[in-house]
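Once you scroll down, you'll see the structures, which are given as structure tokens.
One chain, chain A, links the two complexes that follow: it is found with chain B in the first and with chain C in the second.
Let's turn to the complex of A and B:
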């Protein structure tokens, strides 16, 4: 294993120290328990938005802490859920008296830990609502499994919901918007290579030099199918079909689109992929209102990408355009 | 009667049991999960035992609450909140008590197990720890109704849980990480049901 780290056991703490050193104007870091809050927290009379999950997906979630997005993020160990004591402390640190929304990606550990945290917070009189993101179309039999995994839609939800909270909406309104984003968002990912969890020291899975895994999860979970690598056009057409037919997205729909790198794919390839998707969208009559192209929800150094589509009405696009000031996303300020 | 000292001995015993079975549980978990169950349980109960040694609680409720909070913080994954919830709900029913009779033992497990069921939302047949907890709860309630002693109640609970654990082998997982494997989760014993049997066996050895 070759990585730019000091010690495998200290990866998360060392990275948190780096975030604190780089962005003191945007955020503050607590180390025991571990959480990141926006610099001006708690913001009075605003719904606070808290998320969290295993580390290794940066900039998600810590890189999205700041004005117009998350009030707090709880980082777990790499690919491991954070624990309820972190979530409880973070929730208390940002609670501004108007309630707190927890954004939870659908993994059994994350869901159970956030539920336990919500119980602990509610026992102390903090109003907490949770919204679970489960947008990964690669999981087919969601009735017979723990359900679809939470992936790319999480990024779009954190932006839109953070803006809604910033505008002063109530906890119920903010939670409703979050549920709507989840209902209208779908994603799928693919990988050309595995990734290596620092504490494990070896790749999570093996993939032949000429193979790719389509439908991969953000922790290297198996996807729908392993096959020979194809051209960018063929891959985008295959993945677009799976995502578009799932909701389904129809001709005339307005979309917010994210072409997201898994951590080890260069931007030049992501733009090739975006161009292919733009062709597909045009042919199907889908209107791309807004887009993100870059690394937003990664899987350490994995080579690959994911495609996320969100059917967005005018209100959602307005919230998307609202100012945001975080290490990972910033515009309008 | 089970005393405060006996409940403390149960937790101390669990530290030894999970440390002894660390590799066994992790091996079961590596087949259908993420290969950390044994490591997580051992870490959790080492910390729980240490917390009790540093701050000896004055009653059974406070003791179980301390165990709960330590497990929630240190175990991680899905089993942290599940076992943490078991001890949290059990603590609430034992608040202020320094000894438990057969009925008290029944209540401890009834509230604890119901907490796990509520938190995990799994049912018998999903290939989870509920496959061991649910039959154990039924056995506890049945034997208690017939006026059994704590030893008899926990004997019945262990026997029922062992049967439940063994029943997980041919099942296809429908909850947790193993569920993504579908048919490939067959022919493996569930690690959560296995750690539950160990917890009940230790209770039988210390509380009766």
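Let's turn to the complex of A and C:
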């Protein structure tokens, strides 16, 4: 294993120190328990939005802490759920009196731990709602999940819901928007290569020199099918079919689209993939209102990408366009 | 070779189509000859800033086209200089009557071709100045270069000089600022893995399972030394020493710092590296005024990073803070 780290068991702490050093204007870091909050937390009379999950998916979630997106993020060890005490402490640290929304990717550990944290916070008088993201169409159940996995829609949800909270909406309103985003968002991923969890020291899985894994999870969990590598066009068509037919997205729908790199994919390839998707969308009468092309929810150094579609009405697009000021996503300020 | 492409010889065109589809609000693409211009080009009575170079370093340069940065970028084939006709056409397309600055990374092909293009444009009455970036401290001459190679400082120069042009400064003033940025900027890179040029189909070089190449170029050109992989701390200390001692940067200097991923490096590792550099800077009395941590000048899917330091006075920091609206760098709007 070759990695730019000091010690496998210090990866998360060292990276948190780097985030703290790089972005003191945007965020603050607690190390025991570990969580990141926006620099001006708690924001009074605003619903606070908290997420978290295993590390290794950067910029998700810590890179999305800041004005107009997350109030707090709880980083677990690499590909490992954070613990309830992290979530509880983060929730208390950002609670501004108007309630707290937990955005939870659907992995068994994350869901259980966020539930425990919510119970503890509610017992102390903090109003907490949770929304679970389960947008991955690839498999029904998986290695770490009952039901569908939560992947790319999380990024779009954190942006949109963060904007709704910033606008002063109530906890119920913010949670309703989050549920609507989840209901209208779908994703699927694929990989050309595995990644290596630092503490494991060896690749999570093996793929042949001419093979790809379609429908892969963000921790390298098995997908739908292992097959010979195809062209970008063939891959995008195959994945688009799976994602579009699932909701289904229909001619005339307006979309927010994310073509997301898994961490080790050159940007030049992501643009090639985006071009292929734009042609698919055109042929199917889908209108792309907004898009992200880049690394937003990654799997360490994995080569591959995921496609996320969100059917977005005008209100959702307005929330999307609202200012955001985080290490990973920034516009309007 | 596994890549998310259609055909090795269509990579650049397909990616340009993706950029055009993704960012019609920011840029326009010409395909014959190939160049990217900002959507509102030519901007009247503004110095136009043009750069370019081989593809495979995205977001550099095309991703930096837009308000407050580049007026045009000329993409060559992967790791291959663009041709004079591209540069000439791009220069003419963005010329707004106040002159055009060429920002040229110091590679023999790029320098010669930009010179030819400048001569052609000047013969037609367009005032052109060129500034060559040669900031890489690793080696004196290299595979594709007489003198030092041009690397990370190019990114910082494009931002700062783009802002100066946007403020209405003259060609001479803009060129002077560019020369000052080059004089005060230094970089060095390293790699854990090679990358594979699509048309070559095999890795540019081979590195042992426990080896790294220190001082590597952005095309995989040999660096200073091949050695066993060290910790992030040791690597940053070694590279910081080389970069800091070169200018030299001195206690009290204010810096703009870039910790840049080579394309295949997880963001979590870049933050670990940034943390190490922040400690080195503190120990040496260097003040970090501004910073970038991410993928800005890449080498396809290479794993590794580069460190760029720029001694920045207050005026330079002001230009840095000016609004920028490009696919790869955006703030203030």
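Here, the second predicted complex is superposed on the first by the 327 of 333 C-alpha atoms of A that agree within 3 Å, B and C clash if a C-alpha of one lies under 4 Å from a C-alpha of the other, contacts with A are read in each partner's own complex, and residues count from 1 in each chain.
Keep in mind that, in the parts below, a residue touches a chain if its C-beta (ideal position, glycine included) is under 8 Å from a C-beta of that chain, and two chains touch if they have at least 3 such contacts.
Note that the coordinates shown come from a computational prediction; the quantities given were computed from them, not determined experimentally.
The partner that reaches more residues of chain A, of the two candidates chain B and chain C, is C.
By the touch criterion defined above, A:91 reaches neither chain B nor chain C. Of the two partner chains, chain C is the only one that A:56 touches; chain B does not reach it.
Judged by the touch definition given at the top, the superposed model places A:14 against chain C, while chain B stays out of reach.
By the touch criterion stated above, A:76 is placed in contact with chain B alone, chain C being left untouched.
Of the two partner chains placed around the shared chain by superposition, neither chain B nor chain C is touched by A:184. Once the two complexes are overlaid on the shared chain, A:268 sits against chain C while remaining clear of chain B.
Shared contact residues of chain A with chain B and chain C: none.
The touching residues of chain C, counted against chain A in their complex, run 2-7, 11-12, 14-19, 21-22, 55-56, 58-59, 63, 78, 192-193, 209-210, 212, 229, 231-233, 235, 263-276, 278, 291, 293, 295, 298, 300-301, 303-305, 327, 330-333.
Listed in rising order, the residues of chain A touching chain B in the complex are 33, 76-77, 80-81, 83-85, 107-109, 112-113, 115-116, 139, 141, 144-146, 221-222. Residues 69, 72-74, 76-78, 80-82, 84-85, 119-120, 172, 174-177, 179-180, 182 of chain B are the ones that touch chain A when the two sit in their complex.
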